[in-house]
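What follows is a pair of complexes built around chain A, which joins chain B in one and chain C in the other.
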Partner chain A sequence: MTLTMFTLNAFYGLALAMNMFIIASGLNLIFGVLRVINFAHGMFYMFGAYIIFTVTKTWGAPFLVGVLASAAGLAVIALAIERLLLKNLYDKEHLMQLLFTFAIVLLMSDAAKMIWGTDQYSVGYPPGLGGAINLGFVLLPQYQLFLCVVGPLIAIAMWLLVDRTRWGRIVRAATQDREMLSALGVNVPMVYAAVFTMGSALAGIGGALAAPRVALVPGMDATIINECFIIVIIGGLGNLWGSFLGALAFGFVVQFGTVLAPNWQDVLPYLLMLAVLIVRPWGLLGRPEAGR
Partner chain B sequence: MKISAIIVAAGALGAGTAFAQQPVKIGGMYPLTGGGAVYGVPAMAGHQLAIEELNAKGGILGRKIESIERDDKLNPSAASSTMKELITKDKVDIVLGGLSSAVGLAMSEVSKQEKVVYIATIPKTIQMTTDKLHKYVFRTASNTDFEGDTMSLLAGRYKLSKLCNLQLDYAYGNDLEAGIVKTLGKNAPNAKIVLTLKPKLGATDFNPFIPQVMAAGCDGVLSGLWGPHFVSWVKQAKPLGFFDKIKWISGGEIASHEIAGELKGDFPDNVISNTYELWYHAQDPSHKEFQARLAKKLNTQETPQWALLGYVGVMYAAAAMEKAKSTEADKVSAALEGLTIKTPVGPLTIDPKSHQANMGQFWGPMVKKPDRAYRMMDPVEYIQPK
Partner chain C sequence: MPQRNQLIASAALVVLLALLPLAGSRYAVDLTTEVLIYALFALSLNVLIGFTGNVSFGHAAYFAIGGYTCAILLTTYRWPLAISLPAAVVLAGLVAAVVGYFCVRLTQIYFAMLTLAFAMLVWGVAFKWKEVTGGDDGFTGINLPAMLTNHVSYFYFTLAVVTVAIAALWVICHSAFGLTLVAVRENNVRTGFIGVDTRRMRWAAFTVAGSFGGLAGALFGMYHRGMYIENAFWTESAQVLIMVLLGGMYSFVGPILGAATLHLLQVFTNQYTTYWPTVLGLILLVIVMVLPDGLIGLVSRVKARWGKT
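Presenting the complex of A and B:
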């Protein structure tokens, strides 16, 4: 592998990692606080992509407005789902929650078919990000560079919010003992609703930011949800920097692995997950769940 | 004795008339949900259009046609069980459809077991009409051998020498590659494949592959990336100037208006590809009429190519039943062998040995037009197997 190829692959690995982190971070947040495995997260991602398509292509709004619209759209959908339905399932077993989120997947995929039909769509790159930057020995696509900046920004923003604010302290407390928190006078259901809304809005942002790079088709939710789960599991369920690390591992393994061993491209992410789980069954930065 | 004989006769008579009034049941299976719906839904629209037209003229053999439509889910095992149900529960006389080559092979297997005729209207894998051929399976779509032959022919015509071969790693991609390799020496003796890459079916991230193709120094790519795969490749490769120096010769119908109309200004230069149908190009007046009827049904002038395939499948089923004067599978199968019918894109004949219709495709470069937002094929060439 020449220096040019190595640089390109390393860069692409990083870009893939950041793209995946943006999508997976919301799933991770929701699991960390609500302990709900949200199967519908991939569908939220798809809706994010479709919403930015409608807002930018059909209505002609600028790209940034489209991203915000995707986030807002998913926030509204998620809030409705949480307040009307999901809130009744927190005390139920995991299987019920899984079945519930799976039902949401089916409902939303039919809804998407009714709203957008089954055509294939694409979203253009935002102006100024559709080309490549020439470093002399290698060309780097601008949009992927942009993702490499946005990913860490989102990670830092989430960290500040959860680790450095009063609201974040309440959220962290909710993950540890919600009965006690409730007894102290905190409105726990509202905390849960806010977290579910925020995590889902992140899926919307993830879909909107992925949209210029990929074809928008029904079914684009299916693979992404598996990949998000792999990242979250590798990193340690519920751990923010864990899923950041998990995304990096995923990005580099998939990029370099597919170049070096193309016949293994299907199983590479799963092999990575297996390898991590054998060494650290609770994920890279997760903690063993004692006494639960 | 006498009375019972009368009762039996009356019963038989009753059954006879009831039978005569029974509709001909045609089972149609396309992916109607998930990723394949992009193609399956318009194919089903063509299927329905054909049945509506036939019913308006009195159906098949004077009997009405009942259309039973199912989602094949783009999944071979789901398609198998759905098709079995169509045959055993709904008692269909014939099954049409399929899209993915993997689904086509699975449906062909059911047709063999259940002894019901299956006409593959979209799946292209050559195996269906060679190794896995049997009495009840027929194909009205093109196939990977013919598509590969045309692609290598174009490589020769554009005087390409260093080729990159880019195929999806499943039945269609592997068989298309075989079709190309088989004919490359004959059609393009100066061309050599220097790099073969096989992304997985459903891949959305092509960054591991794009730099390799660019580093290989190919002057042409022979590609089988269809639909969303092509779109994602374009979105990721175009910022690097990928399409500036490379001729992209592609199967997989990416010259269809569905792709060109959606990608618009993002559709890259130097693409030469195929499509079954072009709404802005008609072979003859009857083709134009078909396009107008389809446009009315779908409520758009810019109709998708896939409808033609669904339409032709039904027309073949109807013609075979009329010729056989029966809906019995064995008789219909015999009638299909060597059967020639008129279709919107000209007359087609099913080869009695391979059960393959000589369906052709429109091929040509995708060029910018001053008064259009999207690219169009120009010049258009209809290439059909002899």
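Presenting the complex of A and C:
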């Protein structure tokens, strides 16, 4: 592998990692606070991609408006799901919450078929980001560079929000002891609703940003949700920087795997998770749960 | 030992099923064969979920291993059925033992994700090992013994195998071993305190579940005369999980009821509409919102209501 090839693959791996991090960080946030494993997260990602397609292609709005529309659209959908149904399930077993989110997947997949049909769509690169930057020995596409900037920005913003603000302190308290927080006068249900909405909006943003890179087809949600699980699990459930690390590992393994072992690219992420879980059962940055 | 009326009811059900081909409907016979296979598949998973309290997301792996092994031994190697079928069960059990060794070191969601990872690995092997498994074209043209090629004789074969397997599972689940599994489910820590090696118990349950899942897969492959990589995909694992939960995981017969209900519903729904996912989604919402203990739970609640008045 030449230096040019190596740099290009590392760069594509990084861009993929950052795009995946944006999506997976939402899943991670929801799990970290609500302890709900949201199977519908991949479907939210798909809706994000479809919404930006409709907004930019059909209505002709600019790319940025499309991204915001995806975020807003998913926020509204998630808030409705949380307030109408999910809020009744927090006291039930994890298995029931998981089944519930699976039901949402099934209902939304049919809804997507009704709204957008089963055709394949594509979203072009936004103007100004369709070119490439020449480094002399390699050409780096601008859009992937853009993803490499946005990913860390979102990571830092989330870290600041959760670790450095009053609201973030309440959110972290909610992961520790819901009842105590409620007794202290915090409106815990509203915290839960906000977290679920925010996490889901991240899936929408991730989907919108992925739209220029991937083909928009029914079923695009299914692989993403498994990949997000892999990222969140290898990083350590509920750990923001763990997810960041997990996304990086995932991005590089998939990108280099596609080049070096093209036959096994579908299985490589699972091998990665296997290796991590056998060596560090609680993920790279996770901690063993008490009493287990 | 089972209570006398349970035994009589089960025997009556088997006899009734055995009389089914006399009705002369090929459709009904085929449908019942499928339901029997799925019932065994769901029951095998419930050893792990309902009895041991470990949710596996990768049970399709053992179904596929059993199915592919039996198909390949029968067709590629021309082994007789009497050896191929047990070999398929043994191999599925062996793989489950190896995978289980790693999985039972974890609990809850981590356990579930590790089972999923291993299952996707099995899927990857079935997909890529094209010379042996047929890859994404599937493994077709399974060479069945002549006496089983007729759909009625295959139905009787399935009925006999599934009946014996379910009886064996019943004995396992109600033995001292099965009761220990329930203790592990109810309180892992306390069960450890009284001297039970809980990890080993969960490992054993994992292996039992995998073996019987493999048997169901072998029956499935021979029935369809083919195995396909979809049978190893995670959606198949999700479907059998739903069967278990729909029927009711805390009862022995629940998964049988769940498998029958879900499969029949799917077949009938597909005759009228392509929106099976919507129907399944609504069924799941009903389970989650009002039927957390499944159809069996509903039956016992209705019984309790009648008992009072």
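Going forward, the second predicted complex is superposed on the first by the 291 of 292 C-alpha atoms of A that agree within 3 Å, B and C clash if a C-alpha of one lies under 4 Å from a C-alpha of the other, contacts with A are read in each partner's own complex, and residues count from 1 in each chain.
Throughout what follows, a contact is a pair of C-beta atoms (placed from the backbone, for glycine too) under 8 Å apart; a residue touches a chain by one contact, two chains touch by 3 or more.
Note that the structure is a prediction, hence the values are computed from the model and not measured.
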Exercise for the section: Check whether A:S109 is in contact with chain B, with chain C, with both or with neither, and answer first, second, both or neither. Expected result: both
Exercise for the section: Would you sort A:I37 into first (chain B), second (chain C), both or neither based on which partner it touches? Expected result: second
Exercise for the section: Could you tell me if A:P281 is touching chain B, chain C, both of them or neither one (first, second, both, neither)? Expected result: second
Exercise for the section: Go through the superposed model and pick first if A:T175 touches only chain B, second if only chain C, both, or neither. Expected result: neither
Exercise for the section: Could you say whether A:D266 touches chain B, chain C, both of them, or neither, answering first, second, both or neither? Expected result: both
Practice task
Tell me which partner A:N226 touches in the superposition: chain B (first), chain C (second), both or neither.
Solution key: second
Handout entry: Contacts on chain A seen with chain B and repeated with chain C across the two complexes
Key = 109-110, 222, 266
Practice task
State the interface residues of chain A toward chain B in the complex, per the touch definition above.
Solution key: 2, 4-5, 8-9, 12, 15-16, 109-110, 113, 117-122, 124-125, 130-132, 139, 141-144, 212-215, 217-220, 222-223, 254-255, 258-259, 262, 265-266
Practice task
Could you pull out which chain B residues touch chain A in their complex?
Solution key: 32-38, 40-41, 197-200, 202-205, 207-209, 211-212, 215, 227-232, 235-236, 238-241, 258-259, 262-263, 265-266
Fill in the blank from the handout: Per the touch rule above, chain C residues touching chain A in the complex are 55, 102, 105-110, 113-114, 116-118, 120-121, 123-125, 127-128, 189, 234-235, 238, 242, 245, 275, 277-278, 280-282, 284-285, 287-289, 292
Problem - Residues of chain A defined as touching chain C within the complex - result: 37, 85, 88-89, 92-97, 99-100, 102-107, 109-110, 222, 226, 229-230, 233, 237, 263-264, 266-267, 270-271, 273-274, 277-278, 281-282, 291-292
